[in-house]
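Chain IDs A, B and C follow the sequence of writing; residue 1 opens each chain.
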Amino acid sequence: MFRSLPFRASHLIACLMLCLVLAPGCAPKKSATGPAKIVIWSQMDPEERARFEKNIAAYQAAHPGVTIENVPYDTENLRQQFQTAAAGGGGPQLIFGPSDQVGPLSLLELIRPLDETMPKGFFDRFVPQALDTLNGHLWAAPDQVGNHLLLCYNKKLVPVPPANATEFLEMAKKLTKDGVYGFAMNVNEPYWLAPFLAGYDGWVFAADGKPSLDTPAMRDALGYVALLKSKATGIMPAECDYQIAETLFLEGKAAMIVNGPWSWAAYRKGGVDLGIAPLWVLPNGKHAMPMIASKGYSISVNVPKEQLDAVIDFVTFCTSPEAELRDAVALGVLPSHKDAWNAPEITSDPTLKISQDAFTMGRRMPVVPEMRVVWDVMRPGLQKVMNGSMSPADAAKEMQAAAEQQIAGMKR
Amino acid sequence: MKKNDQAWTPGRVFVQVFLILFALATVYPILQIVTISLRPSDQLYSTSLAIIPAGASLRAYQTMLFQKPFLLWMRNSLIVSLCVTMLGVTLASTAAYAFSRYRFAGRSAGLYLFLMTQMFPATMLMLPLYVLMKNLHLLDTFAGLVVAYTATALPFCVWTMRGYYDTIPYELEQAALIDGCTPWQAFVKVTLPLAAPALSITALFSFMAAWSEFLVARIVISRQELYTLPLGLESLAGQFQTEWANYAAGSLLVCVPVMAMFIALNRNIVSGLSVGGVKG
Amino acid sequence: MLRAPRSFPYSLLLPATIVMLAVVLFPLGYSFWLAFRNMSLYHFRTHEFVGLDNFQLVLTEPIFWTLLGKSLVWTGVNVFFHVALGVLLAILLSGPVRGKTILRTMLVLPWAMPQYISALTWRGMFNFEYGAINLILKQWFHLPPVPWLSDPTWAFVAPILTNIWLGFPFMMVVALGGLTSIPADLYEAAELDGANGWEKFTNVTLPSLMPVLVPSILLGTIWTFNNTLVVWLVSNGGQPADATHILVTYIYKVAFTYSRYSYAAAFSVVVFLMLLGFVVYVMRRTSSQERTA
């Protein structure tokens, strides 16, 4: 009776193998891959994505036989997945995202230096603030600039935006009543601290590229934001991160908020009578200066030679004035192409004009990979100052020490 | 069940009330997700505690079902999850039977081996997993996902099945063997039916392991036609702006098949309270 | 033990083993290999063998021991409540209760929801001023609001509460299944001996549940120890001030924020070895108990 057993068991194995073989058959048929198919992994907000799909449709209509596939990711996943896939020899041809992702990706040799890849003179078309050089090369072709924080206000509550720190504080105090706060801002993220740091004449890196976090400017900036957040001033809610600030502003329970152009569409959709203004002048008499950055396309090292021309052509299309202007007008972002930057569609639009002015006040966010470390070490210090468990001076000292230690660890 | 006819003693009332309150508290966070899904603006949080938000609308559900490729994601997820369930239950019930009923060289090492695969933090396994899948040409295939998920589900399934087999007396199988059954027949015809509750648990677990997973799915799948539900939902999220209403609606819709599966298996999981066969 | 040809158990095991080895062997081996090299952002293509350097660094940094402590608390508290709540609810639900199906279905919902949105929703409920939890504390119990997300201690309690909520339904389902394996006559016998409810629980229910429960507890411990997602989402990446990291969220951060791959791999190997030690210890103890029993 035992004879039949191995047969039965092998039967079972055969069944399972069959299962595995059949499973891929369930998948839809693969479309042809070749020079005609370009895959792009991108980080875009929903509205931006919808616009981009329209640009893709326009491009495909003009180039029959070419298929563009856009795969959306969020910022962190985009970088991680691309890192994994490209290092493993696969991944997409193009990656679109914030300018600072070129830092790690270029060091890991996963993207191509575009100044050598794109045709000669390609980069002359962009406004200078849009281009970031790292280790002597350009790594991304930007199609928009911005990411700058501004003062967004609810026109129902704030007829004229405050111009300086005194006006700001007075106005915010007056508006704080009946469950409405005068001001809300994401105080957990150092990106929101950066404008104040720059306003007090500080910066995250010194001229020699080393982190410069333990400075009087950092102490002043931390002190100023802590003052706004403090119970004594009373113009902000006790716990205030991005989501809460946004919720309050959308519900008319915060009169002013500091946020970037990406947020406007949602505010308008939510029924807020939105006004925007550059950040106010700080007590030291200088404007708070937001960080500015671009978003752009980088080309993977894994793109084979025969496909490169098709990829370059698509990138050229995406950074053309036509494509950029369509995006700018629909999304409220600023174009990176000189012609589009100066186009009447932008300069005659009141919101975009203010945004442009605020942008020109900003400082370019460094794209070196150490920037990630700096963000990371600033976050704890900032949060400790905000919940009152540490003084600005101690926090600044701690940030600097942590930055030096982490950067050393990263370079081991 | 005869006990249901008993009188409402104070203890029984207390238990009943406790269970109802606990269940309500458990469901409360999910009601919050319902609220998010009904909100007309894409707002994750609110300062109001109202369950039905101002201007509530079902538009997010309509969007998810008819404008987004939600049904495609659902189909993909169902294919993957059901394959994992079948494969997981088959492989686990056989392997666990060997561990429970036989002594053989490498038995305890084998048992540990299954557990050991769960001990390594997943973060660091992603890059090599990608390379592996790429070399086996399993990237962007459901087969790749099914194999990976089965491997994640198996340790639990094997150990649980083995634990359950251990509670079933040998005598029935021995009798069957004496009656002329092969060991395989004794397993399939005698033991397996008695293990129905454990089979249901492993089935539910395998299904869930595949249904809600997205770290591995992210690595294996990058073509949108092949997105499973977690990947599809994740694609609704942006850096700062996320389609929260759609996201919440989608998450709730994702629950529906799981609940259906649970209710279907529920009977198996709890039916055996009077376990007739085992007494013998 | 049953009798069968020597090959029979192996042929039963073969399919499962093939699948496991196919998927797990290479990634595990690769990570161990990586732990002895210096792959990082600056040595990505040119990494070399560095011996035990990474391990030395991991074990000498004070942060390791802090994180280990937090990981242990995180795991212990979570698993305790998962099992306690799961078993309690399962037992109550198998007693004389009305509306079993609907209660069971409601109680299993946290398991069915995608964790990403559940975790974010809980983060919202923990808000100091507007979160449901503080509002309930204030309105129903007249308690002062708790700084769930800004105070380092409470910010660690918050993800634990969330994860207890996420995890007990699984243990409940396992326990429900385990209860079915208990023959009714065992209870009848206990009743004849005059056992009260608690005695029935400790003498009949618990021992009979153990074979099914032990694997779940073991694996639950491993999973909880290695759970990155919940802590990461509820604390928004370790907030406030990186005070809420456990070992595995720290590994995640080191690997992906700082691209210190080899260091992270060494960290992972250490975690792996600790868990292995734990499981071997527990198994030795339970199997020796089984033998004496």
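Criterion: contacts are C-beta pairs under 8 Å (C-beta built on N, C-alpha and C of every residue); 3 or more make two chains touch, one makes a residue touch a chain.
The structure displayed is predicted, hence computed values, not measured ones.
Visitor: Taking mean CA positions as centres, which chain lies farthest from subunit B?
Guide: Farthest by centroid: A.
Visitor: Counting C-beta pairs in contact, does A-B beat B-C or the other way around?
Guide: Of the two interfaces, A-B and B-C, more C-beta pairs touch across B-C.
Visitor: Per the centroid of Cα atoms for each chain, what is the distance between subunit A and subunit B, given in Å?
Guide: Using C-alpha averages as centres, the distance is 36 Å.
Visitor: Subunit B to subunit C: how many Å between their CA centres?
Guide: Chain centres of subunit B and subunit C, defined by C-alpha means, are spaced 16 Å apart.
Visitor: Which parts of subunit C, given as residue numbers and ranges, touch two or more other chains?
Guide: Correct list: 4-5, 8, 12, 15, 124, 127, 129-130, 256.
Visitor: For subunit B, what residues touch not just one other chain but two or more?
Guide: Correct list: 44-47, 87, 90-91, 94, 127, 131, 147, 183-184, 234.
Visitor: Give the residues of subunit A that touch two or more other chains, as numbers and ranges in rising order.
Guide: 2, 5, 9, 12, 16, 87, 243-244, 247
Visitor: Which subunit C residues qualify as touching subunit A in the complex?
Guide: Residues 4-5, 7-8, 11-12, 14-15, 38, 40-42, 44-45, 124, 127-130, 147, 149-151, 236, 239-243, 253, 256-260, 263.
Visitor: Contact residues on subunit B for subunit C in the complex?
Guide: For this pair, the touching residues of subunit B are 1, 3-4, 6, 12, 15-16, 18-20, 22-24, 26-30, 32-33, 36, 44-47, 49, 87, 90-92, 94-95, 97-99, 101-104, 107, 110, 112-125, 127-129, 131-132, 147-148, 150-151, 154-156, 158-160, 162-164, 166-168, 170, 173-174, 177, 183-184, 186, 197-198, 200-201, 204-205, 208, 212, 214, 229-230, 233-234, 247-248, 251-252, 254-255, 258-259, 262-263, 266, 269-275, 278-279.
Visitor: Quick one: which bits of subunit A touch subunit B in the complex? Just the residue numbers, please.
Guide: 1-2, 4-5, 8-9, 12, 15-16, 19-21, 23-24, 26-28, 30, 39, 41, 43-49, 69, 71-75, 77, 81, 84-85, 87-92, 179, 242-244, 246-248, 250-251, 253, 260, 262-263, 265-266, 269-271
Visitor: Which part of subunit A faces subunit C closely enough to touch in the complex?
Guide: 2, 5-6, 9-10, 12-13, 16, 76, 79-80, 83, 87, 104, 107-109, 188, 237-239, 241, 243-244, 247, 369, 372-373, 376, 379-381, 383-384, 386-387, 406, 409-412
Visitor: Name, in rising order, each residue of subunit B that touches subunit A in their complex.
Guide: Per the stated touch rule, the residues are 41-48, 79, 83, 86-87, 90-91, 94, 126-127, 130-131, 134, 139-143, 146-147, 180-184, 218-219, 222-226, 234-243.
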